[in-house]
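Working notes for the structure below.
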């Protein structure tokens, strides 16, 4: 058994069920995260490079070395239609690992977007291409191609574990990871939650208070809340 | 006398004079802050969730516990038309305390916006609603309803003291707090300052130097400034 | 010989060749930085105040003291048509050193934009003016005029050395500094690189892999990359 | 009524009761904070300049301008025996506002220590003097004496409101503020809490579980905790 | 299959082989990390609460909610002699989850130390106890016992995946995680590396250059390094 | 003319005058920085790895690539007795570029210490060796030897320009750079300042106020300071 997973490309991965991915694509990150019981979020420093960016798909994972984007080129060959590339780095690094050339290549090979715990550049071009990217930074500094990382191993990206094939959903609110094995279950739960929300929204818009709608008055009183004038 | 103000909701607060609030609403954060003598600003990490967001109104204050948005529901009941909710937290926390459901409720009860030293989510929906929110972070992580904070006590939000009823003004430049007792005075001073600025702007646009307009040459020379070729 | 350069204004500086500046203005920050061999970038915390902001020109440099914008007024007099003001500060400081009045003055004197390792304010007005500003922060806090810095000395701005007359290029990807002496060389190299990129983009868009286009397969194998199923 | 409190020195302040201060000095920051109901702490970035530093006393407050320590000299004259200087700054600033000369002066005038939301220097000398300082940073950069702040006004220091005369307690765990009016009450509560802790410590050391000692098993089961093998 | 692992306590975990743990305890974090091929490190913000703190043992893992240390009490019951508690949190939080009472309990139940991606307090007492703790912060703020997390599930702590039973080694250089399945292999590799280092140290101390000892001159020349006078 | 200085080792550098270096070694960082007129400091994030660490000597400069310490081995050959290695990095990076083996080599070649805008490891060993290191972080992550930087070029280290041969002085207060050409002048000015400080310290210890000693009362009154009771 190897002590680490560096220098490896896994070619055959099990992607989450396509129908489940398509269903999950209809819901926002906050909804999916809540539907799963409040798990799976990446850290809040992950931000879209343009407002309204949004992506959902099975993950092709990449582990990068700092200042080195060699593995993104390796990953391009492993892409299938609808994939989202999820790139972690062995250390915190804001260099510009990704730009419009790689985006062109990724798109040509079927990728729908990128989630990267590192920097990206050419954001004006990427925005014009409407290629959704979620990153920890915008950084123009170029990278070399000298040290091996891996493709399609389990990675920790911005604090979340991502296995190849897991569903990654990203929008203005952040990024959430849905393990492949529970993708359908999460999609169903998200649907249920959203239906439920529509009704709540209507009642709240009518002036009903959450205090009453969620029956909070009694537990608040029990917790000792006091009203004073 | 109690050692702390946790678990309290103050129902009757003295809001700043309505006319003063309306007048303050005409000025930007930088202008008001200068007019007051350079005080009252929150820390610069407080940012609008969409460009051009802007709000001005008397504060209904909230003290939250980390990962817990119970008190926001309690606060909803205390809102009056035109209020701005100002939410502090007992500790630094980027969780998503607030989203579109609470925004719907707050708006239905009269609130004009939110200033929160914590995270918010559903920013796409909030933007579509044009509900102005100024926050320390965007965070999708959901919160629980388990621990008491307070409503309408004095809070420290992003480094600034806010008393219930104080005027809070927020725009692209940040957030400023105007104590209720000096709201009219601050509005008048802001008006005077802005009038003054229009003239300065015209002169500077014509090529006049601040060096001359502000009579800086003599104090600069006294301070020892040397020109070399 | 003086131990420091404080309290000095250099009136005659050698600006980079105008034709080279104009040529450099056609290229993005990432391209220029790569063309120079991956040097000259400022830190990634420097961000435009509005999306799409872009500027290129010879630098008039300023060294500020914290909370004090006196030297920006001094700098205004030294501006020539096409200049970009580059302002460093003796210490990290997010105060609002610059706003729409100074922008009006700078523009009237010929400046095309500002790069400042400090805070700026009036961003709504600056955006309406389409005056490009790249800064470490947006900060509404006003500044005083009490302590001397300098104008047109060598400064370190956001981690990069800038000499007066150097070309500064800024866009959505960040800020890069091109020493005046190599401006033409950098412009030519950027042009060559961009021509080269157009061809690469076309091939990648057609589905060719970077692995093949850049001949990476052999060095990857030599480095020990293993493909597994 | 003035819109701000800049340029003011209040000479007569009401210090917390001396006996209460002396009693509070026996307890740690964590104990006092808990005894007050979990309020009054400064942000966690406030750290002692040497391990084991500890101070307790009524606050003489100072509001500083960035890069300017003028008001610390003004504050020295207002010190009485046993005081702790609490210095806030109008903006985040790591400059070295305080060093061994000021410490010598403060000690000669009766001060027992310093809590400062800014930088300090000469930490080797301050450590040799055993002069306790809690600060946001160590910064060697010197400051000027050009812009007015205030002495003995209410300040927000590292996120906590401090009024002149309030008791400030600082140790390796951080800094807590006790309003003067509740100093005796807080001291009594801290004493009660500490007595209680000694017994708990003994039981836990004997192997008893907090689960049993605090009767947590039932609420955990009610909350849904499941044990699996 | 459950979508999340919240509200679970796993009682039976497979701890790494005791002999392997004992052997690993002889080596430093940097050595073990290198021996594994440069993997397994937590982020650099994890620091010991006192210089020279050091711990090695199988992990009992905990997932905490922000501002809530309930699960640490639950974890105490699952401890065996020699264990190290590894506590992650669902969100970034510097509150003081752990102090001397819990340390007393943990030690009484066999724990050798704590690694926590959160705050701790009572650091003076913990230091006096020589109870090694590695944390993201020192924070005096107390926590509640209201929301469920889990014990002995896989967690991401400071960027590293930790499974219950994995070996965790922490010293002044940081924290490294060794999966239980490769503990013996890692220990052997660390031993080999350290033997190797002793010889290198002797040669370098004698003035031999790494350039020669590691045969770097040829690859440096090939990479294009130029010496100039 | 080359557009960058990568891949270069300058063998012959002009070190600051030895007598000036020896004289500077008697003074603290804060004193030297003040004596030069408040310039030359690195950012405050540069901290000693152990309390009391202190070093002064001419700089051998190094420019590193992220995650790559090749150039430190190249630099070892360029060291002369008394040198201090000053290592910058092309991007922010906390990896462990330096440990006890390199320290052994550096010391054997005459180096007195290291100032590095990156991470270091083996801090226990470095402390035992009493090898002074000032760094941005402690990081155990090992580095590769794959990409060229340079030795003995001008670098920006933690915000300060350092030319090879400049004097670098570091202690508990931070790091200051003295250009070689003004080393003697700075040493003399530091001596004068320190003599001056001894007298001030004596007077302040006797209770004299800075207000009087520095004649501040009149300028404070002119600035508008008001005393109230």
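Every chain is named by a letter (A, B, C, D, E and F) in the order it is written, and numbering of its residues begins at 1.
To be clear about the criterion, a residue touches a chain if its C-beta (ideal position, glycine included) is under 8 Å from a C-beta of that chain, and two chains touch if they have at least 3 such contacts.
Source: prediction; values computed, not measured.
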Every chain in contact with both chain C and chain F is listed here as A, D
CA centroids of chain E and chain F: separation to the nearest Å works out as 32
When centres are defined as mean Cα positions, the distance from chain C to chain E in whole Å is 41
Chain C residues touching 2+ other chains are 38, 90, 92, 94, 139, 141, 147
Pairwise, the chains that touch are A-B, A-C, A-E, A-F, B-C, B-D, B-E, C-D, C-F, D-E, D-F, E-F
Counting only contacts in the complex, chain A reaches chain E at residues 1-6, 35-40, 43, 90, 92, 154, 156, 159-161, 179, 181-182, 185-186, 189
Seen from chain B, its contact residues with chain C in the complex are 28-30, 33-34, 38, 41, 44, 47, 51-52, 171-174, 176, 197, 200-201, 204-211, 214, 216, 219-220, 223-229
In their shared complex, chain A is touched by residues of chain B numbered 7-12, 50, 70, 73-74, 76-77, 94, 96, 99-102, 104-105, 107-109, 119, 121-124, 127, 137-142, 145, 147-148
As the complex stands, chain D meets chain C at residues 65-68, 90-95, 139, 141, 144, 146-147
